[in-house]
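For reference, the structure is listed below as structure tokens.
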């Protein structure tokens, strides 16, 4: 892979890691939020729904700025984290947070589509067999949502690979430390003759997402088969 | 609404128009693409699937750059358009194109989730009753996908409201002409002390998306009811 | 209708072969599960393309592998009613019914909605959502939808198998009446012998992906004597009812039979199980069965666990079944005259 | 089991009221569609909360509006088997069966998987995916799943209504056998009188959202004489079979009956329709029916279109039905002795 | 460890300066964060870790100074830049007065991009701005780099960009330099943050930036050294 420089390789590796971790965090979070939106009788569901959708509606830079305000050392949450000695801003963890927030609307909506298909009687059956609400959630609802979770995961992972605006604000653009593929591409665009480098990174992004897409198709296909057979 | 300046109002109006037109274009396009992915026996479906997903995977700026390469005056397609006297770049139409491309992966994926639920026997029944493939597509598949179309439309509209990276490259940032809400926010946020202007526009975005979200919930609810009753 | 078929098709491990010509309006397709009945249907509608061969319907070529003819399903004018109604859930009953008709050239539209709806007794349902219909109503609407497309051939692929017995009995008369009345030729796919006997004149008997024989349902039923728990079902054509006390007296050829039935149909087919006929060597006295008629044994057919007795009751045929011991005790032999006792409540209206 | 219920619930236009105490293992809930049977079930399981009232199961309070007690469904130990099996599609048969058991405190687990699977004859299916089961197999697994949770009360809400007649007949013996064997008290919800008679000792008869009466299935069946096309189904307990030619001779009290059945069960209940019994005033000769036994008329019940004849056959009771004309001709009166002819093939095994 | 926040237009130059510095100071790790000046200023304002800030304009430096986050006395101008007009080679454009004949001119959005603001001032000074604007000939870009891209791709007839940016173009070349008297001088101020007070390495690197060695690198990338 000599068409990628060492910092490029670091960016690829970091991007893959950030997208993976973000997806792994967004999955349970999205599942719980979807559950609240679909099954619970909570008031103000519409408000929550809108809140989850914000990162889709607002430009990523704005989301990044809002996150920066909250999580920065002077922010509401950042102040606490600082006291606990947790550093977030300008670390790869910040990139993960940005990707989780940006990917969440896609995740939640996918899972909702899946959850709304589940026959409530199945959940009732589980309850009468002694499963608590939470037990039924994890042993019945969760496995039945699996295809929707896969779709949501795919979308979140893909979106994380391409996330730029929120990441650059929250995590900074520090080569080797927080520079993901989109940020590296940005750097290339600030360099004479950077196109070839940018192109190489785009290709890597595309290859990664293709691999993941195929992996997921295989997963979905296997699920369908095991469900039938 | 005196907390919005006249150019802000223009941006709001333009954004609403761009998002609406983009959604209206992406709906049929996404429907046809989803149909190809779900029903047709085309080879290279995986390739097409990946291609549709690109705008999700790559940073929007890169997508904007690629679109510029294609649609710009010296671009492959742009050259032809130029000869036909069609101007795209730096017009609001360019913003629409950017939003369509960026929103398409979300649209297609939502519609696919809906289409995959349709019983193929229903389509068979329509065919034996004399409906051509296309006739069945529009009179059976389309109405049965309606909830998925609504979801896809919601996502695309929301994403269009927030689209920045690709739009600014393809359409430029010309107040009153191509400046959508995110671009106006960008202008505000790049000046020290511009936060209040940016905030006002963010609020407008949020209000618009809330209105649309509720409209769609009502629509979905009505659909479910008419299906049952 | 004239249907000429000569087809080969391999589907994974399964290979399908059929070569036949049939002429008629009421054709059955009979055979066990997996014998290729639905495969034949799919080849005729065009959802499957044969590897080799030719399909001609009324002299009109639908498929020919050599001439590379392969009409698309919507051009074939072959409609289908499936096991599950597959009504369009987004359309109400009326629009479901009209779906096919709207796609039929005007000059071919020989049936109209009101007549079909009336024949199928779904007129009151026309404005309903299809999700508010019962299973039997759904199948009737599906049938109406197919009829209104005025197809050259209607394939009924186990249209009743998802319904329970009561619904089946309710719907068969509708099927028969409307198919006869609207003169749509059909292939009736089923593994129910009873349905075959009621609804078809000729039967394509399939087995293991191959056409076994072109026969008729009556012959098939006789072949299968003693295999059905309910016995062999005699179909009696009765007519000219008159009231006899609380019962109805119907003409059956030169006999009169007393029936206890709810309605009073003018004439029609009634079912009588071979197991509901009691035989006496001599004329018995004072018994509760209301029908006691003489009959001549014409043939005895011994089968696993019993004997089927073919009887001639003044020119009308009937099959009774008795256990072997009874056949011996009654000294049943061909030519012997015996008495048949049948309860008034043993008859069931067929259509 | 002791169940004390006193509940009021308004659901839109529908208002439900029930106040009863029952003690027993096999309770039926009978009533037409919309009479509130499933509503009672939902109130007992806790998916609905009553507006007012109290539920006590074996002295244990499940719900009390005044004390604001309202145990959640998983705490009530009331299991349900629905009309559709609602098996977990992502689990195989074994894991479906174990779902409830795993959530039952160890000391309450009185049943084990192997015994239940054996009783329901689903042992060979244990490793299958639930999507590969037939309708009847699915219901048996659903029953097993509920049994293995060892509930204090099992609600069976029309568990057979989605199955066809053949499957129903196959599954009822499993139901009866396993419910008896594993001693799980149950409420059996149905609008089938036949199922009520087979599976319950007492019946809560609902109508219009109200408990009409606490009765038993036999009384209900007699009330409904003449309304069922298949007649009144006599349940005969037969035992001690011996081979008589190609038939089986069973003891029925002090009588012997000859049956033509496929298997040779040691003993059990057999169904005989009141319409399959022919009555003779005098002993007839040489007839095809293999059973001819004397009986004494104990009671005549005239109903719409016929007469039900209660008979005493050497201590065993039987109900036959004849048309009015026959009753007159046979001069049927209480105390008279007559002869009953029953074909060997008229019997059906019940369980 | 030294963390520096650097305006994106200095990306290449500063990367090289760091590389040279690290050769002689392998014990110090210099981490550079490249983004737009506004983004960097907001990050520092929100408490992101940074020892040194190099802004592409005095506005955002002023914003941080006002908040008291920078060591005021450390502020120094690192480099200057100059405004040029770039486009595909042509003979008829030699100065601002020739722009009126063009149909499309790109510049950074004056509302948010300093270079755009300077270009606007220059055009106003030359008396051509009102006509160009009324003729809808001005294409506003989100930053200088985008204006350059348009010029380079031939989407516009020319663009106002910084000299250092113009050097990045492949097809476009500098058509003329905007005379310095038409616009304020373009300066890149640098300063230490308050939180860097205890970080000796930061101060050391800061002074290294102004060393002849570092300056020679910056000059190579087209920047002008402040006197």
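Going by the order they are written in, the chains are A, B, C, D and E; count residues from 1 in each one.
The rule is simple: a contact is a pair of C-beta atoms (placed from the backbone, for glycine too) under 8 Å apart; a residue touches a chain by one contact, two chains touch by 3 or more.
Since this is a predicted model, take the numbers as computed values, not measurements.
> Hopping along touching chains only, can you work out the least number of steps from chain A to chain E?
The fewest touching-chain steps linking chain A to chain E number 1.
> I need the common contact partners of chain A and chain B, sorted by label.
Of all the chains present, those in contact with both chain A and chain B are E.
> Based on the averaged CA atom positions, which chain is farthest from chain A?
Ranked by distance of C-alpha centres from chain A, the top chain is C.
> Report the chain whose CA-based centre is farthest from the CA-based centre of chain D.
The chain farthest from chain D, judged by C-alpha centres, is E.
> Could you work out how far the Cα centre of chain B sits from that of chain E, in whole Å?
The separation of the two C-alpha centroids amounts to 35 Å.
> Taking the mean of the CA coordinates per chain, how far is chain C from chain E in Å?
So the centroids are 88 Å from each other.
> Averaging over Cα atoms per chain, report the distance between chain B and chain D in Å.
59
> What is the distance in Å between the mean C-alpha positions of chain C and chain D?
Chain centres of chain C and chain D, defined by C-alpha means, are spaced 33 Å apart.
> For chain E, give me the residues that contact two or more of the other chains.
Expected reply: no residues.
> On chain B, where are the residues touching two or more other chains?
186, 189 - these are the residues of chain B that touch more than one other chain.
> What are the residues of chain C that contact at least two other chains?
Residues: none.
> Name the touching chain pairs, please: which are they?
Pairs flagged as touching, ordered by label: A-B, A-D, A-E, B-C, B-E, C-D.
> For chain A, which residues are in contact with chain B within the complex?
The contact residues of chain A facing chain B are 46, 49-50, 53-62, 65, 105-106, 109-110, 113-114, 117, 148, 151, 155, 158-159, 161-165, 182, 185-186, 189, 198, 202, 205-206, 208-210, 213-214, 217.
> Show which residues of chain B lie in contact with chain C when the two form their complex.
Listed in rising order, the residues of chain B that touch chain C are 119, 121-122, 124-133, 135, 139-140, 143-144, 146, 226-229.
> Which part of chain E faces chain A closely enough to touch in the complex?
Result: residues 3, 5, 8-9, 11-12, 15, 31-35, 39, 42-43, 45-49, 145, 167-168, 170 of chain E touch chain A.
> In their complex, what parts of chain C are in touch with chain D?
Residues in contact with chain D: 164-165, 231, 244-247, 260, 275-282, 284-290, 305-306, 320-327, 329-330, 341, 343-346.
> Within their complex, state which residues of chain C touch chain B.
Spelled out, the residues of chain C in touch with chain B are 45-47, 72-74, 76-80, 82, 84, 86, 88-90, 99-100, 103-104, 129, 131-132, 145-146, 149, 151.
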